[in-house]
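Here come two complexes built around subunit A, the first alongside subunit B, the second alongside subunit C.
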Partner chain A sequence: MHIPDGFLSPQTFLPAAALAVPAWMYAVRRVAAQLDEQTIPRLAVLTALAFVLTTVMIPLPGGTSGHLLGVGLLALAFGIWPAFLAYSLVLLLQALLFGAGGITSLPVNALIMGLLGAALAVGLHGLLRRWHAATAQVVAVWLSVLLSATAMALVLGAQPLLATDDAGRPLFFPFTAAVTVPAIVLPHLLIGLGEGLLTWMILRMAGPRRSGAMP
Partner chain B sequence: MSPRFWLAAYLLAVVAVSFLHEPLWLAIILLAVLLAAGRLAPRLLWRALLAVLLVNLMVSGGYVALSLWQGNPWALTVIRLNLRVLLLTVLTLWLAARIDLVRALSVGPASRFLAVVAINQILLMRRLVQDYRHAFRSRSVQPPRLRDHYRSAARQGVVLMDKAQAQAESLSQGMRSRGVFDDRP
Partner chain C sequence: MRWLGLLVVLGLCSPGVLAHDIQYRVQAGQALVVELDFPYGDPPIYESYEVFRPEESVAFQVGRTDGLGRVTLVPDRPGDWRLRVTTDDGHGLELTLAVDAQAQLEEVHGPGLPRLAAVLAGVGYLLGLGGLLLFWRHRHRAGS
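After this line comes the complex of A and B, so read on.
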């Protein structure tokens, strides 16, 4: 779901970077404060886990598939800040090693998917778990994916309004929210549900064996 | 020059490219970057094209179709968008090919450990997931049902989480036994 390089205007990615940098610094402090000398290897392994989780395919009806975002799972298992930090590192490695995503879009991708996605998953799960634990996991992850996708669609859809040439033609991503919202959000209704179900299955299977959570 | 210098130059270049909107300039810079890359140029261009092809085809195709339907001009926007995306991707891949990213990203021994361990663990875990996929396919005599796909994907997730926890512990112990943390305050 992440936005590639070249689709976002400087009017978007520069303020996003100004927000993301303090968020990353705070996340580093939070994660370092929770841990001792094991911070480095654990964060490294968590980053690798976040990276590889994005390669786990979500089966969809009709024989198609999407891929796991993994932020909801990481956030429910390890907390908001480790999930945000690990996912940001994943985006950085993907951009620099594989040319996927991008450096200019990194702050927006990290804030929307890493921070907003993780915070929504944990927040919604906290609200819903008294009602029914398993359903809370599915619904929290589903809604976090859906709302992150909506935010992503709105940011992309804002580009033709933020940056145009003298003739009014878009300088960056050319579609408005009228196109991006249905194009991005509708498929994520199903992908998010698949991710919610998969997250619940993984946490249910892993739950009895995991005596102590990582960070 | 140091890897960090090239990383800083790259970051400045990607921001500068975002302020350029004239397709001719974007094309000239792309050509200059490819010429500067020398023998790497064909491979860089091919990898960049592969990386951006799917998304850019969908976006450009959609925009052309919408513009034709509405009777609006589309060529300048599509050429500008694709040149910019291609240039940024070529720049990124050139940087990755030219410098040691681990050294460039290191602001100290801790971040160097982090990058090295993360990249190695990614390679190990990717192999594990591939093994699971091959095993799932080889065990399935008939086409698997949706439920089977979900069970297999969930098993992959559980194994990855278990592996991550075990690896984190063993790496911490290994690093501690080699005195990595001894000089930390």
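After this line comes the complex of A and C, so read on.
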């Protein structure tokens, strides 16, 4: 659900950049202070895995497609700030290598998928894990994907209200939230569930070595 | 009454009565046909697109991709024509088609590398960056 360049108005991506830049700076300081020789290779490998997951396109009913995000996996394995930083890198590579997402839309994509997605996954997992550890991982990732998708749909759906030409035609993304919310959120009901299950399986295989989480 | 009938017949035959019709001509010629597909192979059918003439920001052509996921375009001037395809779930593509004075395609500028190459490149960059970080951390620790 990366937003490409040209879909967002400056009224959207400029404030997002103003929020994202300090968030990235804070994340770099925070992560640099906590990374060690054991965590770095695992972070690199799981970031590469998240990158690969975002490239696997899944055909969905209705002629569209979706892909896993991988941010929940990074968040539950390493915590919010490393996940945000690593996922921002994934989004940057996606934009540069595939043209999926974009440079002007990078702050919005990173804030919604990277920061909000990671924070939701970690927060929900924290709330649910006393109930049942494995189910908590699946449900936390599923809900984080779903809520991130909802936020993305609302940002896209707001574009026709934010920037129009003299005739009232949208200058950027043309569809309103009435179209984007069902179009984006409904497929992510399935995608999020798949991602939750995959995250649980990967973390289960990673075993106790994942204990280097940095919330 | 006979005069009234004649007046109606004359009125129906006058060009003014046909003023709201659309006249047509059919020309067989050359067009640029942009074929689109999703990474898993299916075409994006009936998805919205806009085409912009060189240096123009108001769309020259808008519509939906056809039943085979294609956009057909007949450029009327040389320069860089932009095609923007938008799906309602937020996916999209922007291409620049460089067209010469004979309306022939010279070059296409689109996003990205071939998919497999891009995946391998991305994985390589990320693992390489991890290696660099590890090296930096090791030296940092050794120096302190």
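To be clear about the criterion, the second predicted complex is superposed on the first by the 181 of 215 C-alpha atoms of A that agree within 3 Å, B and C clash if a C-alpha of one lies under 4 Å from a C-alpha of the other, contacts with A are read in each partner's own complex, and residues count from 1 in each chain.
Following the convention adopted for this analysis, a residue touches a chain if its C-beta (ideal position, glycine included) is under 8 Å from a C-beta of that chain, and two chains touch if they have at least 3 such contacts.
The model shown is predicted, which means the values in this text are computed figures rather than measured ones.
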Which of subunit B and subunit C A:52 touches, first, second, both or neither: both
Touched subunit A residues, subunit B compared with subunit C: B
First (subunit B), second (subunit C), both or neither touched by A:128: neither
Partner chain in contact with A:173 - subunit B first, subunit C second, else both or neither: both
Partner chain(s) touched by A:4 [first = subunit B, second = subunit C, both, neither]: both
Which of subunit B and subunit C A:153 touches, first, second, both or neither: second
Which superposed partner A:13 touches (first subunit B, second subunit C, both, neither): first
Touched partner set for A:98, first subunit B, second subunit C, both or neither: both
Which of subunit B and subunit C A:190 touches, first, second, both or neither: neither
Touching both subunit B and subunit C, residues of subunit A: 4-7, 37, 40-41, 43-45, 47-48, 51-52, 55, 57-59, 65, 89, 93, 97-100, 165, 173-175, 179
For the subunit A and subunit B complex, residues of the former touching the latter: 4-7, 9-10, 13-14, 37-38, 40-49, 51-53, 55-59, 61, 65, 68, 73, 77, 89, 92-93, 95-100, 102-104, 165, 169-175, 179, 197-198, 201-202, 205-206, 209-210, 214
Of subunit A, residues touching subunit C in the complex: 1-7, 35-37, 40-41, 43-45, 47-48, 51-52, 55, 57-59, 63-65, 89-90, 93-94, 97-100, 152-153, 156, 165, 173-175, 179-180, 183-184, 187
Parts of subunit B lying in touch with subunit A, wherever the complex brings them together: 10-11, 14-15, 18-19, 21, 47-48, 51-52, 55, 59, 62-63, 66, 73, 76-77, 80-81, 84-85, 87-89, 92-93, 95-96, 101, 105, 110, 113-122, 124-126, 128-129, 146, 149-151, 153-158, 160-162, 164-165, 167-169, 171-172, 175-176, 181, 184
List of subunit C residues in touch with subunit A within their complex: 38-40, 42, 44-45, 48, 58, 84, 86-94, 110-113, 115, 118-119, 121-123, 125-127, 129-131, 133-134, 137-138, 141
